[in-house]
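Heads up, the next two complexes both have chain A, just with different partners, chain B and then chain C.
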Partner chain A sequence: MTPAVPLPAVSLPVTAGRKRSTAIWATFAAPGVGWLITFFVVSIYAVMAVAFGAIDPILKTARPKWNPLSWDWDAMSRTIDRVLHGDLGQVFVRTGAYIALALTGCILIGYPVAYFAARVVRRRRGLLMAALVLPFWISYLMRMLAWTNLLQPDGYVNKALRFLHLMDAPRNWLNGDSYTVVIGLVYGYVPFFILPLFASLERLDGRLIEAGRDLGASAFQTFRRVTLPLSVPGLMAASVITILPMAGDYYTNTYLTSGSPKTTMVGNQIEFFLQRSSQPQSGASLVLLLMGCLFVLMLYYLVVTIRMQRAAER
Partner chain B sequence: MRARVRRVRRFPTLAALTWLYVLWSLLPVLIAARISFNNGKSRSAFQPTSFRWYWGDHASSVWYDDSLQTSMANTLRLAGLCMLIATPLGVAMAIGLHRWRGKISNAANGLMLVPIVTPEIVFGVALFFVFSQVYVGVPTGLTRMMLGHVTFTLSFVVVIIRARLAAIGTQYEEAARDLGASRLQAIRLVLLPLLAPAIFASVMVVFATSVDDFVISSFLSSGAGDETVPIKIYSGARAGSTPALNALATVMLLFTLLAVALAATVVRWANKRGGAAPGGTGGLAGLTG
Partner chain C sequence: MLGAGVPLLQACGDSGSKSANKKAIADGLEPEAGPLKIVNYADYVNPDVIADFENLYGVDVEFTTINTDTEVMSKIASGAIKVDVQHSMANYSIGNLISGGLLQPLNKSYLPNFANVISSFNDPWYDPGAKYSVPYTFFGTGLAYRADRIDPATVEEQGWDALWNATDFAGQVTVLDDPREALAMAMMRRGLFDVNTVDPEVINQALADLTELIDLVNVKYNIEAYHDIPEGTTTLAQTWSADMILAAAGYLPEGVDAEVLGFWHPPAGEYVVSNDSMGVLADAENPVLAHLYLNYLLDNDVAEKNFSWVGYLPALTKLNADYLIGAGYVPEHLRGCVPTDEEVAEALIFKPLGVEGEALYEEAWSQFIAGG
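What follows is the complex of A and B.
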């Protein structure tokens, strides 16, 4: 709400005053910026220094090289080779496949829910909104813990499936099962998908949909030719918001498969290199490769978004 | 015209699908909470209710198992410290970045957004390396975890506060300045009260993010003494664990929901009291995540 009568914006355009105010605002921002440089920028640089550094021949610990001129690309090229021709390739393909499947699940579940919440629901709107936000306040690992309870061999999922005669013998879901991982990822991340999509669908101009109907299109035609194209930006934003954390997720996977190697994703591999075997250099190069992939994805997203905005303005 | 537009279309399938989703998203958690009241060791089926895993069992209930208690104390201490540090740091940074114009400011703005799109595992590995290679003097365990959590949550605070700053505009502060307040007085007496709901919202978001964090804590943890609740739940999933884990998770859930309910009440009360404040819904919008 802005005041009914806008207050006159009185400011004195004196150069000295402006300089001083710049200094004041810079001082305000300085501690936070300094913190981010100390603990974020330097940290990311440390990953590079380790990946392009050396390994202590006896202790097998990392010996980072801080000078970019003396960086050693051996470990990185070995890792890239393992991705392109060796065992890590499978891990990347599996990660991509799981993310694609989980994202499809998120769209199939998330789009109808977000659409209903943003454009249809009237009664019990508050209740629905609370229910959609609630998963954010429940610890992620508790939500996964709940599934390890349900998916036990004598758990309620097996009982329900046998009751419905969809399965003869109880299935061991928690022993390296790709279905379990994908379902876990969908369950874990679909709330992150729904909220941004909801926000975008809510802002969608309803008059355009009405115009579609008024001009004689059927409900389905209007949806396919008006609503769906208009929701593309929201769908893309929601997809990026879910893909980024899923690409680095390892705990959902390990937790729901008892750490089985049959479902290893990139995150699991990084965690293995760093926490369960001492291969800091391989871990660091894999982190950089993952960051590279996600950077390309972000760049693509930004280019497409800017292009769409320009096209809309024209 | 309006009447025709208002013609309610019900979409019964869509409604059913949506409420089915809500059921699917919350029912497993309710079942897990119910299992924490089992009087036996089953983690997969309901048993008669008891408080065995809360305080009945003198060896492994939440109240008597030291490691579970420690994990809870660690989690709350971390989240508390994180709120105390990240909030003022983030508020000052948001005000500064919002007003400060120039090339460095633009760069700082871009830098501020990067942590939000960085996957947690990248964060965790990077912090792990920086503490083991550069800041080796920083005490291991909770201190490092706290520094990591602040770094991870700082940008959320800045984004929430900046949204509110944009809604408030500069007129109120300029009026205060015209009436003779110094710049700092204008911030303290006018801007900060107007920002209060957003500050409150960011405190809640920092709390929830810190309590929920597993990856960064796990990479910076140095042993059993500094385990947090998520680490405990994660490492306790192996065979042989008891519903005490469910009890632990349920207690933490209650903590969080109480905090959210309290926050929502305070924000509603503040909005009602200062009904004319600009951007009045900013606080609640921030609370939704």
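What follows is the complex of A and C.
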């Protein structure tokens, strides 16, 4: 994660001693680099070998092709065609819309909470942070299953709403409605959003805010012109951390709509093709296409953060 | 031409030799010390039955749990799972497991209880002569419904059409989360009973019909009817007959009577009946113990005890509808959930279609779950 206000890079004259210490520090990066190669580069290459590979005609399992020269582009071109001209296009659009809405929800709920925890609370911050981390103790699936119970026609959500006279007849929340899925995504991912944002807001230089007030800005103006711009890197990092897993999510809508074709996300299609079909190449192609979309987003994130870093260094 | 064919045949012979060379175990061997390793779906065998087996033979049994037939197939093939017994093979996979050399032929001298099995399973289409497999459970595909909301006479009269007519129950209608089952159902509704067709036109028509259900009745796809029907969140579901036996046995909320459960299935000859089978893997480390386990599960009393917990019917002659109703496991009005000998003998069967044939169904299914 990038610090809110990066320290200016200090250039020192390079000496022999410094070279040696650079080498030592570089070796510290070795485990990380090894990790990245094993679990990122190799695994992505494995996905490509499956996407452009063949199928065992008897066992119907993937036969990856490791040599790019013998790659078979058939499944990929069919998948791209279905995304651009067919039914899968709407699945990508739907997934994007769910993520955008859920991200908005995360910002609306997460920003005030993170701000409160980082800038307002002084004495019980540890307790508050523990409370925020608490949901992580329970597995995501268990939390979604709990929601299905709460949202059932005779569940507590309906009971509470009727008790408060906010609703006459019980609603079936699990009816395959998009907003139930979006609510589920917000609920599931908002802790992931709050934590990085909290870390970034906590490091925000309080003197800048004081300066804003001293120079005559109102509380709102200070927030809008000082705090908010300074928290953009934190917001960006928090967004990236939530967007990535949401894009691959397939169980939230499965549980919250008991399998409605109206709420299928890209993750559901990937799950079907990889786990339960004899066409793992199509599933792997979808993985690569989804990664392509996310890569564009990541690129944007990197460009923006680098620009901000440069602006801060100036 | 001939010259070109010879190496090809040799190549086939080589890849098939793994199964050809694999012989059944010899007669009269002592069981191994275990632990016996089994792969199965979750909650698909009674834990008490396993405990009994462990006590009887003084061994441990270890389970690996899987979610789908495709998953277990690829994990066995890749060696990711090393077990002695595959507990629940779908019948369209057994042929592939045999030709892939992954199963070993069974030595029937260890399986005296095979005599208890319904005779239709003595020579099943997927494993001629039942050389590699014994049946575990069997079930038909029909419509489960809430008899307190839909008149049973209506379902009897309309059959599969009832799904398309259930507009009063939008959001409470489901089809099986299985490409073959769901698409074949749409074909049968139009009177097409070749459930193994690879005619793209027929499959596309079935897809169009299924897609209609999205707007008509807000259809969902899952395999949850065994608790969603008794709990009432689903009113009408294409599902397996065993699900309603299971529903009556253990999923009715307090104060709800089994009378609310209904099940309809097509007449013999138009009725899909499927089964799961048990087999011993070619590289099993405990093949004798594995045989003893298969034999144990085919014992009438053990199978009854297992059925009382699992709810899926064992394919044993003794445990027919009369017996199960008499013993109180199945309510009389759900008699139709137990396929009769005639229905099994004349059953429609999902056969393997090869990679290209399956792909037609899978692509159609992917379009259906994408929202049409």
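Observations on the model:
Operating definition for what follows: the second predicted complex is superposed on the first by the 259 of 314 C-alpha atoms of A that agree within 3 Å, B and C clash if a C-alpha of one lies under 4 Å from a C-alpha of the other, contacts with A are read in each partner's own complex, and residues count from 1 in each chain.
Here is the rule we go by: a contact is a pair of C-beta atoms (placed from the backbone, for glycine too) under 8 Å apart; a residue touches a chain by one contact, two chains touch by 3 or more.
Owing to the predicted nature of the structure, the values given are computational and were not obtained by experimental measurement.
Look at A:S258: by the touch rule set out above, it reaches both chain B and chain C. Legend: residue contacts after superposition of the two complexes on their common chain; A:I306 is shown touching neither chain B nor chain C. By the document's definition of touching, both partners, chain B and chain C, reach A:Q152.
The partner that reaches more residues of chain A, of the two candidates chain B and chain C, is B. By the touch criterion stated above, A:S277 is placed in contact with chain C alone, chain B being left untouched. Once the two complexes are laid over each other on the shared chain, residue contacts for A:L59 go to chain C alone; chain B is not touched. Once the two complexes are overlaid on the shared chain, A:I109 sits against chain B while remaining clear of chain C. Judged by the document's definition of touching, chain A residues 62, 152-153, 258, 275 lie at the interface with chain B and also at the interface with chain C.
Residues 5, 8-11, 14-15, 17-18, 21-22, 24-26, 28-29, 31-32, 35, 43-45, 89-90, 92-93, 95-97, 99-102, 104-105, 108, 111-112, 114-115, 117, 119-123, 125-130, 132-134, 147-148, 150-151, 154-155, 158, 169-172, 174-175, 178, 183, 208, 211-212, 214-215, 218-219, 229-230, 233-234, 237-238, 245-246, 249-250, 252-253, 256-257, 260, 276-280, 288-289 of chain B are the ones that touch chain A when the two sit in their complex.
Across the complex, chain C is touched by residues 55-62, 86-88, 90-91, 94, 152-153, 172, 174-176, 257-262, 264, 268-269, 272-273, 275-279, 282 of chain A. On the chain C side of its complex with chain A, the touching residues are 67-68, 70-71, 73-74, 77-78, 96, 99-100, 171, 174, 177, 179, 211, 214, 218-222, 224, 228, 232-233, 354-355, 358-359, 362-363, 365-372. Across the complex, chain B is touched by residues 1-3, 6-7, 9-11, 21-22, 24-33, 35-37, 39-44, 46-47, 49-50, 62, 64, 109, 112-113, 115-117, 120-122, 128-129, 131-143, 145-150, 152-156, 187, 190-191, 195, 210, 244-245, 247-251, 255, 258, 267, 270-271, 274-275, 280, 283-284, 287, 290-291, 294, 298 of chain A.
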